[in-house]
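Below: a set of structures, written as structure tokens.
Here come two complexes built around subunit A, the first alongside subunit B, the second alongside subunit C.
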Partner chain A sequence: MIRLFRKAPDSGRPRRLTASVLRHNPADPASAPHWQDFVVEEAEGMTLFIALNEIRATQDPSLQFDFVCRAGICGSCAMLIDGRPGLACRTLTRDLGERFTLAPLPFFELIGDLSVNTGKWLRGTAERLRTWVHAAGRPDLDALEERMAPELAEAIYELDRCIECGCCVAGCGTAQMRPDFIGAIGLNKIARFRLDPRDTRSDEDFYELIGDDDGVFGCMSLLGCHDVCPKQLPLQTQIAFLRRRMAALGF
Partner chain B sequence: MEIIHTDVLVIGGGLAGLRAALAARQRGHEVVVLSLVPAKRSHSAAAQGGMQASLGNSAKGAGDDEDVHFADTVRGSDWGADQEVARMFVHVAPKAVRELAAWGVPWNRVRSGPNDAIIDGRKVSIDEPAAAHGLITARDFGGTRKWRTCYVSDGTGHAMLYVVGDRAVAEGIAVHERMEAVSLIHDGARCHGAIVRRLTDGRLFAYVARATCIATGGFGRIYKVSTNAVINEGIGAAIALDTGVVPLANMEAVQFHPTAIFPAGILVTEGCRGDGGLLRDAAAHRFMPDYEPEKKELASRDVVARRMEAHIRAGHGATSRWGEHLWLDITLLGERHIAGRLREVKEICQHFLGIDPARQWIPVRPAQHYSMGGIRTDALGRAYGLDGLFACGEAACWDLHGFNRLGGNSVAETVVAGMIVGEAIADFCASERGELTVSTALIRAAHDRAAAEFAGLAAGLGAESAAPLLARMQSIMTERVGIVRHGDALQSAVDELQQLILRSRRLGLRSSRPGANPELTAAWRLQKMLKLAQCVAAGALQRTESRGAHYREDYPRRDDAGWLKRTLARWPAADATQPEIGYEALDVRRMELPPGWRGYGARDAIEHPDTAPRQAEIERLRAELAGAGRDALQDALLPFRHRLPPQLRGANARLGDPA
Partner chain C sequence: MSSLTEIRDETPPPLTDAAVRAAAPRRNRWPARLDVLQSLSGLFLALFLIAHMGFVSTILISHEAFYAVARFFEAAWLLGKPYPALVSGVVAVVLAVFVLHAWLALRKFPGNLRAYRAFAEHRERLHHGDTSLWWLQLWTGFALFFLTTVHLYGMLTQPALIGPFESADRVWTGNLWPLYLALLFAAEIHGGIGLYRLAVKWGDLAASRARLRRARQAFSAFFIALGLVTLAAYIDLGRAHADRAGERYTPPATTEAR
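So, the complex of A and B:
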């Protein structure tokens, strides 16, 4: 779901925004988690990327957060915006109230303030689910490539669009209770490789990876993942489909 | 001090670094990759439109081959490219695409039968042959004579980076995240690895490696408006420059992309124009055909960006509260095409502009996009000046791109150079020179120097702070070292950058806290970025000609007689405020394609004295070897295959090859 813009206020006077940021520095024994308010004057087209950088440049140079592409592509800047997981870089302040909260993504290891260690978790997930095409031998680089139906290539890309931002895991009820749950990120990856004819793994192989309560059977179908995915991946249908396939295998 | 030993240290976890790491790993060497961010968040992911490789599968690519790709690349470079490197690149690019296909990249495929397309503003139907159905297709890009850009919708870099990143996981390559190389360990002749700072807590480590490869990408963030990710600050190039012995080449060759959304500077792909999008001015007039009747919107990026700026200066820009811009019109492509092939563009327009590009025009203006310059290497990625140091990708000046890179050639370069340079690294490690005699004193000294540098900054009581100095540098670069340059403005840029460099040595930090300190990191990087900015400005000031993306109003002609040479900038001493600039000549007598007109843009170059004799020699060779076959002619004109790793030398199969 792409939110439509709110109409800019007619008064012509810029709003004064208060960003309430949940701060904590685990490296500092004296630090305790606390909310800190920062006031910024809103500018036309202001995103949370712009606002947070302005706060750091002019008010508190120690504030930690992560941005890389600032274009909604790399998945670095996921955080809780008014309690909901989302990409900060493409969140416009005009879509927020005059007062809003920013907190680090839950579930992941906290680095400091709004910065969390998604990388460590994702590397572990990639190793655990072996998220690469399993094929025998090395390809012949001089020969014509294997053919693929155009529609199939497009269908694979549809699932390949995941940017591993972590929003789905942060919005997942199961992940709150099961620290080893692979989340929608992991399940979507399995769906992607399952669809790919270049991957020689069978459903039995995939069952070994996700056929338990830390995998596809752990999902409680609350589908927070589907609601918060910034790339609008079809997580609901993919998880449901995978679960049916895997359940059929389990009998 | 903690010391980590490895065979190969790759600095940078984008496509180039990961692919080089894979090549070295597959040869049995231990590899560690350092990355500022989780590797899959690297800027490679932002490459949208595609990668050039002359597969020639689609109808509009029919007849394409390495020769056409080579000529397009050299013309695009305005003859600044190293033609041997360009030959190696165009030969390996099809192999790279096919390798990625086998590894899982979901390249868009040819659909046989009639396919709707927009060409030159008109709706046409392209009939794709049944024989090509299911092979990798390609789209049109600027400065190319064939449709050659292989793509995955407009998320090509993302799809490539995920496949290569996961392949690195499959090979068990360690990626040390949130680590920044802050200096190279070297003795003036041999690189021994790097001193590395962990960004999460500021701790320093020594990584000792037999071979070190810098693949840290470009330095777009020295400009105020750039399509680059915020991590593209050029620190990898800067630590090479800091050695005093490794030169950075052609730093003044900076690409501006025609279609960055205005004013945020976020990229919308060249694929928009490749797929039929048009540029319009305030009066809705399609102006590019007025300037470039042949290639129109699809001339090379330097030419289109310059024409756009000139058109704005001539008073035809649309005005907004942030200033003037032009329009990119992709409405004619239709909703379905945009939702399928340009969906990232659609999302960007919706989220950052609040518009639907299927119905509304996109406000655009050229913005800094790519660094053609970088760490000077030879054709195998070996850096000048230090044995055991390599570089590849945008961080390097390999020199595939000369003074202007073609769209689709950079993401292709990342993987192609990774394949070639990675093998060279493995060869080096397997050779006698690849052995390292480790001096603990050398490592200790490098560590202590870096530690003192950070301690000094953290304790600094100067009156200056990093953020305003950074902003000032970025403004100077955008305003005076931008698309249109002039000697007076460049001189004032060099002068003021000198002042900023001096001021950056008197910083005082406002914050002090245990663990990560973003202010300390920013202050340290500022000093590095200022040196890079000065290399760009000084190189631009001294180059009194116009070539590719380097355009001087006061010297508007390309001057092959005086300037067919590559700029080499070295930083002479820690307390210097300017680089030492030298040059290396390009040898016209060894060129397969001697300088001429590019097929677009100006055609008033000052000719090099060797051009006419070389042209005559080439014609003589072509006549003499008319029946000898393509390989014999190639070997006579410009031999290159012997430079490639043996497994990358084979001929590339194409549809319709004689059986």
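So, the complex of A and C:
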């Protein structure tokens, strides 16, 4: 066989990966943002989460990043992987090149290195959008809950799968320009409570929360949120739906 | 004294969620209207763009065909004699919608250097098709502020000078072909992206986005290609007619009748 077409023999040696990490500790006045390279040997089925733990355990214990569940459920380990928001625990190193960059999510307050304070922003957004069930009266904790059609419960659950990782906000062009924009997280929450029959709020009430350019009308439909969501939530359809409902109230 | 006692004796109504909501000033409805207006004005302009290309490209069929289309809008067939002011009227409506659309779209532009840089850096690192498309939409829109205004002003003030020789002279002898070339690319790219954006903004179309993207590319490619061939035809005619620039076109049938 011509040498050119022959498959290169597998050396059997694992790849040596170079993770270029954007490091900065805002609590340290002497710290300046800089890139630092870490080399790790790739293992079978290795995720970025495993690679980062190995780096922290064997090379630099001061490296800051967040994780809890390791299974794409807690949303703690979101970061920019080669510039794109994603979860470290759900990213296999075999899907990356030998050299890749890791940076903290933009938009959120930086705690240090790859760790950001999404909780602070999410708490503020939840309070601003009043994202809890607004029931008619005081609930009777001893009574059985009202029954709900399985299809409706599933539709609510579909939107409730949001793990609040912050990837959608980090992937949103509008949010980068306008920090007061509520982002897909906020709009998805409103869509979720709008579906909930226990919530007594009307579309007029929801308009009070999202009916301006920091709300649904600020969304420019760039769909970065939809395309980077690690849970594949139907963000485009939800935002378009809310836009139609809220726009109808203008006439 | 008695009235004060009465006031004190009145029990205030219970403060419920509904009462608080009813007492609070209602949020302004204009953001909803402006959002719809931006989309509707964009849709109108995109549809006009398609129709406009249909009209001007009739030069590819024949000089008479384009002449017939141009005269059609002067309504001689309806009113007995041509009224070029009617063309000015149509242009005025298009200009008004164009200004409205530009004003509404300006709300979405980065408002300061910080916002501009934030978006530019975001676009660069994300490598995301729809985000990059918006940047293209923004810059083509910005170019259209100027390019379209020059063209519309010409049509508004000289509505009678639309015809095979008249238009070709304007393109070549009037040196407007570079402007039309830039306008063609800016308008067709901006219009194609705008129609795509309208679909994903208002419709349940997450599943058919790939098809929509292909349709957008096909739209821009088709109209740019048709526009280039049409512009080439006007340039060709304009060059051939340069030594007689200013001469009005008269269709063969009229010439024979004379």
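Definition applied: the second predicted complex is superposed on the first by the 236 of 251 C-alpha atoms of A that agree within 3 Å, B and C clash if a C-alpha of one lies under 4 Å from a C-alpha of the other, contacts with A are read in each partner's own complex, and residues count from 1 in each chain.
The criterion applied here is as follows: a residue touches a chain if its C-beta (ideal position, glycine included) is under 8 Å from a C-beta of that chain, and two chains touch if they have at least 3 such contacts.
Note that this is a predicted model, so its numbers are computed, not measured.
**Student:** What does the overlay on subunit A give for subunit B and subunit C, a clash or a fit?
**Tutor:** They fit: once the shared chain is superposed, the two partners occupy separate space.
**Student:** In the overlaid three-chain picture, which partner chain does A:Leu96 touch, first (subunit B) or second (subunit C), both, or neither?
**Tutor:** So A:Leu96 meets neither subunit B nor subunit C here.
**Student:** Given the touch rule stated above, what does A:Thr237 touch, subunit B (first), subunit C (second), both, or neither?
**Tutor:** Touch partner of A:Thr237: subunit C, not subunit B.
**Student:** Give the angle at the C-alpha centre of subunit A formed by the C-alpha centres of subunit B and subunit C in the superposed arrangement, rounded to the nearest 10 degrees.
**Tutor:** Here the answer is 160 degrees.
**Student:** With both complexes overlaid on chain A, does A:Leu17 touch subunit B (first), subunit C (second), both or neither?
**Tutor:** neither
**Student:** Would you check which partner chain A:Leu222 touches, where first means subunit B only, second means subunit C only, and both and neither mean what they say?
**Tutor:** It touches subunit C, and subunit B stays clear.
**Student:** I'd like to know which partner A:Thr131 touches here: subunit B for first, subunit C for second, both or neither.
**Tutor:** Only subunit B; A:Thr131 stays clear of subunit C.
**Student:** Would you check which partner chain A:Glu164 touches, where first means subunit B only, second means subunit C only, and both and neither mean what they say?
**Tutor:** first
**Student:** Which partner, subunit B or subunit C, is in contact with more residues of subunit A?
**Tutor:** The partner that reaches more residues of subunit A in the superposed model: B.
**Student:** In the superposed arrangement, which partner chain does A:Thr58 touch: subunit B (first), subunit C (second), both, or neither?
**Tutor:** first
**Student:** How far apart, in whole Å, are the nearest Cα atoms of subunit B and subunit C in the superposition?
**Tutor:** 13
**Student:** Which residues would you name on subunit A as touching subunit B in one complex and subunit C in the other?
**Tutor:** Looking at subunit A, the two contact sets are disjoint.
**Student:** So in the complex, the part of subunit B that touches subunit A is made up of which residues?
**Tutor:** 37-43, 45-46, 55, 95, 97-99, 101-104, 106-111, 133-137, 152-153, 155, 158-159, 162-163, 166-167, 169-170, 175, 177-178, 200-201, 229-231, 263-264, 266-267, 321, 340, 344, 347-348, 350-352, 354, 467, 509-511, 513-519, 522, 647-648, 650-655
**Student:** In the complex formed with subunit B, which residues of subunit A make contact?
**Tutor:** 2, 4-5, 25-28, 44-45, 47, 56-58, 60-64, 66-76, 90, 92, 111-112, 115, 118-120, 122-123, 126-127, 130-133, 135, 139, 141-150, 153-154, 156-157, 160-161, 163-164, 193, 196, 198-199
**Student:** Please name which positions on subunit C make contact with subunit A in the complex.
**Tutor:** Answer in residue numbers: 17, 21, 24, 26-36, 107-108, 110-111, 115-116, 118-119, 121-128, 130-131, 133-134, 197, 200-206, 209.
**Student:** Can you tell me which positions in subunit A touch subunit C when the two form their complex?
**Tutor:** Contact set of subunit A toward subunit C: 80, 83-84, 106, 134, 171, 173, 176-178, 204-205, 207-208, 211-213, 215, 217, 219-224, 226-228, 234, 236-237, 240-241, 243-244, 246-251.
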